[in-house]
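There are two complexes below, and they share chain A, which is joined by chain B in the first and by chain C in the second.
Coming up: the complex of A and B.
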């Protein structure tokens, strides 16, 4: 039966080549865009260099303070004080990386001007994140405690100033009028990385007052567990710890901060969260609506094309009914045919997006980012094909199947 | 085998009401070869469609094999047509996108039979109509007579008890028409098929057992 449907579907596609071209173009173009978005999101959300341990990590990067008196609310990151005073007391995490938001600094080295993104970090930062050193090494606890003016720079930064990475180690780089001795060079990060920067230096060098006891600030922490089985335990421990934190500022009476998975943290960064609501529902609904709206136009186009084919195929519909096809069987047949069409469009979409990705990777439009189509993306594509095929196929199939058999036979 | 009682068919529009069939009662015995004649628009095809359960009468009752058909669901009707009835149309109604063998297999798709079994039965049906050398052709590569023979093979592939033919020789010259009639007669006499055929041709009608004449929707003979 399916073989017969396939033969018919291919024959129908060949019959009206212009219609087929329009249909396949619409489908493949739409699916290619979905594949590109899915590939990008997959890249951003999946574990990757240098954050390769995401399956056993939790992220502390957001905080919300509420005032029930003023009905006001503040959102932002936690302060260094909050992380250092409270988060580092957690027993379950094996290691905790602390790092600041990146800040743009102006650097004049070797008479070259460059804007460097700089982050202040602790020493454990280099243990939690799996940076690949092309030269030198990271700074340790002693250098952190002694506030040594040392820096780890990216390969890209190194290439901007020095002949090679090895030559950079031991040299000085000046940024925002502070001279740092370069002690390590790491492979550059994609800009989508949560720890992206051009330079990383010990947090003890910051001009910020680290003793400020305010709870909100510009820092984040990554909690690395020895096993992913400890994730829930850490979340519980974190929540308990948060419940005991005294409110420093009396104008606020509620504090919300969580140890999130990377995905939850990503959603929280979109400011969709509200108190204990992680914003996941809003995000998924919103993403679903966007995808549906995006699919709507080509779907309507395909519905229209499919309906216009009814007249072409009325004789076939009549014959099939006369020889024993029920309306339900015909709906099934036409939906299957449409799914075949959308899958062909899907294959073209994958090829098209593959070409676009290769071009984007080789042209370095997105620095240090190498996108690839993996199984997750192919699964999303398959899902989009099914949704697209069903959305555009069911109504025309229902219309076709409702056609009266005598009318259908007379139409030829 | 087929029993029609007081069949009426009325077509209604907002302003006009047309009586296509008026109180038709007819019995067709098993193994009978019956022809229906009459001028254009007298209701021949409408009657055949009603017998073939492709259309419903406005009034009256149809029984096939003592089974009432008026309360059957879409699925039951489809199943009944598939098992009991085979259709031959004047304009063949072959699916041009499918090869001859696939066209003949079509009724078997709606049964639980394997692909190899379908192929075997379709080949046998094509053999009966003398077209076993055209299985891989497309309908557009065949002559009118050959197309009609494919249509007959499709009608008989599921071994139905009743064959309904709507002007099967209408688009063919007399030689080809006679060939088609030979096949129908063979199916009737040798295979025992009950055949009801609508025709305009007196000569073809003479080759059947009985003739029913319609005029303005009423039976006159």
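Coming up: the complex of A and C.
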């Protein structure tokens, strides 16, 4: 039966080549755009180098202080003090990475300027995040405690200063008017990474005053659990810990900070959040409306084309009805035909997006970002194909099935 | 004629309904795109209002270990003297983090006659105007005279002045800090708007307060106007000198022209992606419309043949079909325009109504153009139908 439908569908597609072209063009481009967006989001949001343990990690990267008296609200990152004094007391997480926001520093060698983005981190940072070292090794607890002027640099930085990575280790880079001894070189990170920097150095070297007891500052923490099951426990422990933190500044009376999954912390950074509301609802409904509007046009287009095509086939429908085919069978057939068309378009879309991704990767539009279509994305595409095919197929099929035998036969 | 066309369409309202919906959705999508484009184009055409060439911004953190106001003021003064004594420096000005093309925004509320106005807040010293070459419409910039004044002097921008004071002169008016309900501020000047958030940013309320160099809170940014001959060697020397002077804080030097380019690309990137997607949607819709119209003509061969037989000319047929398509689009455009007009009426997103109206007009013209182009070829084809052939088929 299905084989028959398939044959009919191919025959119909061949008959009116121009219409087939228009349909396939619309479907394949729509799906290609969906694939590209999904690939990009998947790349940014799912675990990848060097943050490979995302499924058993929580992120502390946002702090909101409210003053109900003045109706004012401050958003930012937590301070080093807050993380060091309170977050590190949590029992459930196995390891806690602390790192600062990246700060731009300047370096002048041979009268050439280079901007180095620096992050100040603790030693656990190198355990939580799975950096791959091309040369040397990270700094440990002792070097951190002694405030040794050492740095781990990215391959890109290494290339800018030295001939090869191995030669870089042990050499010095002067940036921010400080001489750092290089002890390790790591594979470069894409710009979208949450720990992106050109150089990572021990936090004890920062020129900021780490004893400052303000709650807001420019630091983040990643909590790594030994297993996924501990995530909820850690969240609970975190909330309890927060409720006991005394407010330092009399001006504020409410504090909101959470241990978030990566996606949640990503949404929270868009400043849709307010208080305990993470902003997820607003984000999802907004994204949903955009996707719906985006899909609406190609769908309507396809529905219009499909209706035209059906009328074209009225004689066929008339004959089938006259020989006893039920409306249901006809609807079924047409929807399947449309799904076949959509899947053909889907295959073209995958090919198209594959080409675009290859071009984007090789042209290095986004440095160090290597996109690839993976299983998740293909699943999303498959889903989109089915939704698209059903949306654009059901109404025309219903219209077709209601055609009267007589009119259908008489039409041509 | 038009009445007749309406009748023809009304008779096939069911078939035409989806086609009209498609046009309506295209209209709405294109309305959003055109609004964006018109908005950015209008902003792009506004004067920049500041001179970013050869201005470097030097960021520094809070000076540690200094708590009393006098020593901080002295510290800042010595930095200023050091910089200005360098041969390639033309001017120096202190500001806070909210500088043109910078990463920070500082928004606040400021009140006049008990009405609160949201406004961008900038901090600047007496030299700021010269360093960035800002022009004033009214009044004057900060100067030594203000040391003695009782009220805090502020300079507001033209947009803010027009919104709050209209045509009246603003100089001498007293405003107050809305968040705390205290502190009086006296307007001493009105400056021309500066597009400090990038070339495509819209007009925004803004006011400058005078920098208090003894202010202990946090770091800030020093704007340095250099001679065009200043090169990397000079920058390196400047950096070294200042790093030695400010041992307890990190500093970094940025070039304002590069920051401006960065800002603009950050904004243009998403717009270009949006335009590519919109372009694809339009091609898609155009091909679809073309296909459907073309198909409809094939279906109406009998009717057209009959009309030809009773004396309609080829051009007449072609006109009729194009007319039908245009009437169809007119109905969708009327519905679409009804929704679109709500935007300027309800003042959504704080964009000037003129922008929306231009966008609506462009959008209408665009959809008509699209429909006309798509019905041109099908119309011609219909005109070429021979009555004998068409009537013979049945």
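FYI, the second predicted complex is superposed on the first by the 407 of 412 C-alpha atoms of A that agree within 3 Å, B and C clash if a C-alpha of one lies under 4 Å from a C-alpha of the other, contacts with A are read in each partner's own complex, and residues count from 1 in each chain.
Quick note on the criterion: a residue touches a chain if its C-beta (ideal position, glycine included) is under 8 Å from a C-beta of that chain, and two chains touch if they have at least 3 such contacts.
As the structure is a computational prediction, the values presented were derived from the model and not from experiment.
> Touch check for A:326: first (chain B), second (chain C), both, or neither?
first
> Look at A:88 in the shared chain and tell me whether it touches chain B only, chain C only, both, or neither; answer first, second, both or neither.
A:88 sits against neither chain B nor chain C.
> Scan A:53 for contacts with chain B and chain C and give back first, second, both or neither.
neither
> Identify which of chain B and chain C touches the larger number of residues of chain A.
The partner that reaches more residues of chain A in the superposed model: C.
> Quick check for you: in the superposed arrangement, does A:296 touch first (chain B), second (chain C), both or neither?
second
> Is A:3 touching anything from chain B or chain C once the two structures are fitted on A? First, second, both or neither.
Only chain B is touched by A:3; chain C is not.
> Is A:105 touching the first partner chain B, the second partner chain C, both, or neither of them?
A:105 contacts chain C only, not chain B.
> Who does A:312 touch here: chain B (first), chain C (second), both, or neither?
second
> For chain A, which residues lie in the overlap of the chain B contacts and the chain C contacts?
none
> Please give the residue numbers of chain B that touch chain A in the complex, ascending.
Going through chain B, the ones touching chain A are 49, 52, 54-55, 74-75, 77-79, 81-83, 85-87, 89, 91, 93-95, 97-98, 102, 105-107, 109-111, 115, 154, 158.
> Considering only the defined contacts, which chain A positions touch chain C in the complex?
Touching chain C from chain A are residues 18-19, 22, 25-26, 29-30, 33, 70, 72, 103-106, 108, 111-113, 115, 176-177, 207-209, 293-294, 296-298, 300-305, 307-308, 311-312.
> Under the definition above, what is the set of chain C residues touching chain A in their complex?
Touch residues, chain C against chain A: 15, 18-19, 21-22, 25-26, 28-29, 61, 64, 179-180, 231-233, 235-236, 239-240, 243-244, 248-254, 277, 280-281, 283-285, 287-288, 290-292, 295-296, 299.
> Note which residues of chain A are touching chain B in the complex, please.
Contact set of chain A toward chain B: 1, 3-4, 7-8, 11-12, 15, 315-316, 318-329, 404-406, 409, 412.
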